[in-house]
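By letter and in written order, the chains are A, B, C, D, E and F; residue numbering begins at 1 in each of them.
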Amino acid sequence: MDNWLPSLIVPTPTEGYDLAVKLARIAVKKTQPDAEVRDKLRKDYGADAGALIAVSQVVATHFATIAIANNHWRVAK
Amino acid sequence: MDNWLPSLIVPTPTEGYDLAVKLARIAVKKTQPDAEVRDKLRKDYGADAGALIAVSQVVATHFATIAIANNHWRVAK
Amino acid sequence: MDNWLPSLIVPTPTEGYDLAVKLARIAVKKTQPDAEVRDKLRKDYGADAGALIAVSQVVATHFATIAIANNHWRVAK
Amino acid sequence: MDNWLPSLIVPTPTEGYDLAVKLARIAVKKTQPDAEVRDKLRKDYGADAGALIAVSQVVATHFATIAIANNHWRVAK
Amino acid sequence: MDNWLPSLIVPTPTEGYDLAVKLARIAVKKTQPDAEVRDKLRKDYGADAGALIAVSQVVATHFATIAIANNHWRVAK
Amino acid sequence: MDNWLPSLIVPTPTEGYDLAVKLARIAVKKTQPDAEVRDKLRKDYGADAGALIAVSQVVATHFATIAIANNHWRVAK
């Protein structure tokens, strides 16, 4: 994993949200590097409402950071 | 899901809150893309106080971001 | 639910706190619109320390947002 | 509960922390107004590490708000 | 517990982090004042990954507050 | 553990993210100093989706702090 995150600047909130989802996943990857284990876990928590909501919480936290970086995209593009 | 979030700017806190609810749901959708599974989960967590409060936490986090984007709607509209 | 949140501006921190409690509840309402189910859940989590603390966390998050909107009420009223 | 929170301004971080603890408790009080039930719950969660840590999280969130209100007490008193 | 927190200003991020750990612990102390009970709980949650991660979350929240107070130590010392 | 965190300034978001992961781990280390116990716990929570998501939440909170310290790396490097 080289310089996988060169910048937090993205043109639209839509792309900012996608980046937030990505950032949320990377920490899981770094804590559990075994892809096979992660695939198994994904199947489990994909059917667990509590886990899905917790993922959404992490995304919300990262989205806040990305939104600040982009001045909340106040100038429409 | 095209450019579903072109802007964080909304005229009132009421609409800002609705947008926060939407943002909270999208992450669940992106993590569990199967609508049928999500429908089943929704029935479960709709009757689970802990899950409902956790959803409310995600909404609060997104609402904070949207409020900043809109300068907290300090000028009444 | 019309324009139920026209503004985040309130004269005192006390009222800001009450508004935070309200914001925390609305997300539950929007996720579980059935009042009867909510009444039943309220009885359950009212006796569940973990749920009560989680509600308090949501209130704290909304209170932070409302405090910013009101410049933290730095000028006493 | 009259105007119980007239201001977020306190002279020291120590008092700011105490105020954060108070704010964390009020939400529980507002959600579960029955003092007898709360007393019973307090005994339970006082011996539950998870609940105590969750309380500490709420306090941390309120402390952040109070610290901002007081400009982080950057001028020593 | 007198004026145990006279200031949030510390010379380095390292010390800021230590202060965050301290702030996280104080709320537990204030909620469960019995040192014997706390010692017992500490043994339990020291072997509970979920509790340890939750403690780390509280520390992260306090560290954010302390970092702001210190202008994120942007001028190296 | 000497001055292990001399600065929050890092050249890229990628390195900022790595630093966030490190900060998330240090609190666990400080709460459970026994390396053997931590190794055992790591094996457990590495296969527990809820714990992995919780770690990701802590990382997100620290990343927000580090991003502010670095002015969100708004000038590309």
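The rule is simple: contacts are C-beta pairs under 8 Å (C-beta built on N, C-alpha and C of every residue); 3 or more make two chains touch, one makes a residue touch a chain.
Please read these numbers as outputs of a predicted model, since none were measured by experiment.
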Co-neighbours of chain C and chain E resolve to D
Taking shared numbers over all numbers used, above half giving same and below half different, the chain D and chain E interface sides are different
Averaging C-alpha coordinates per chain, one finds the centres of chain D and chain F separated by a number of Å equal to 27
Expected list for chain C, residues touching two or more other chains, is 24, 48, 50, 54-55, 57, 61, 64, 68
Contact graph of the chains (line, ring, star, complete, other): ring
Note: ring order chain A -> chain F -> ... comes to A, F, E, D, C, B
The residues of chain A that touch chain B in their complex are 12-14, 16-17, 21, 24, 46-50, 52-57, 59-61, 63-64, 67-68, 72-74, 76
Given the complex, residues on chain A that touch chain F span 2-9, 23-28, 30-32, 34, 37, 41-42, 44-45, 48, 50-51, 54-55, 57-58, 61-62, 64-65, 68-69
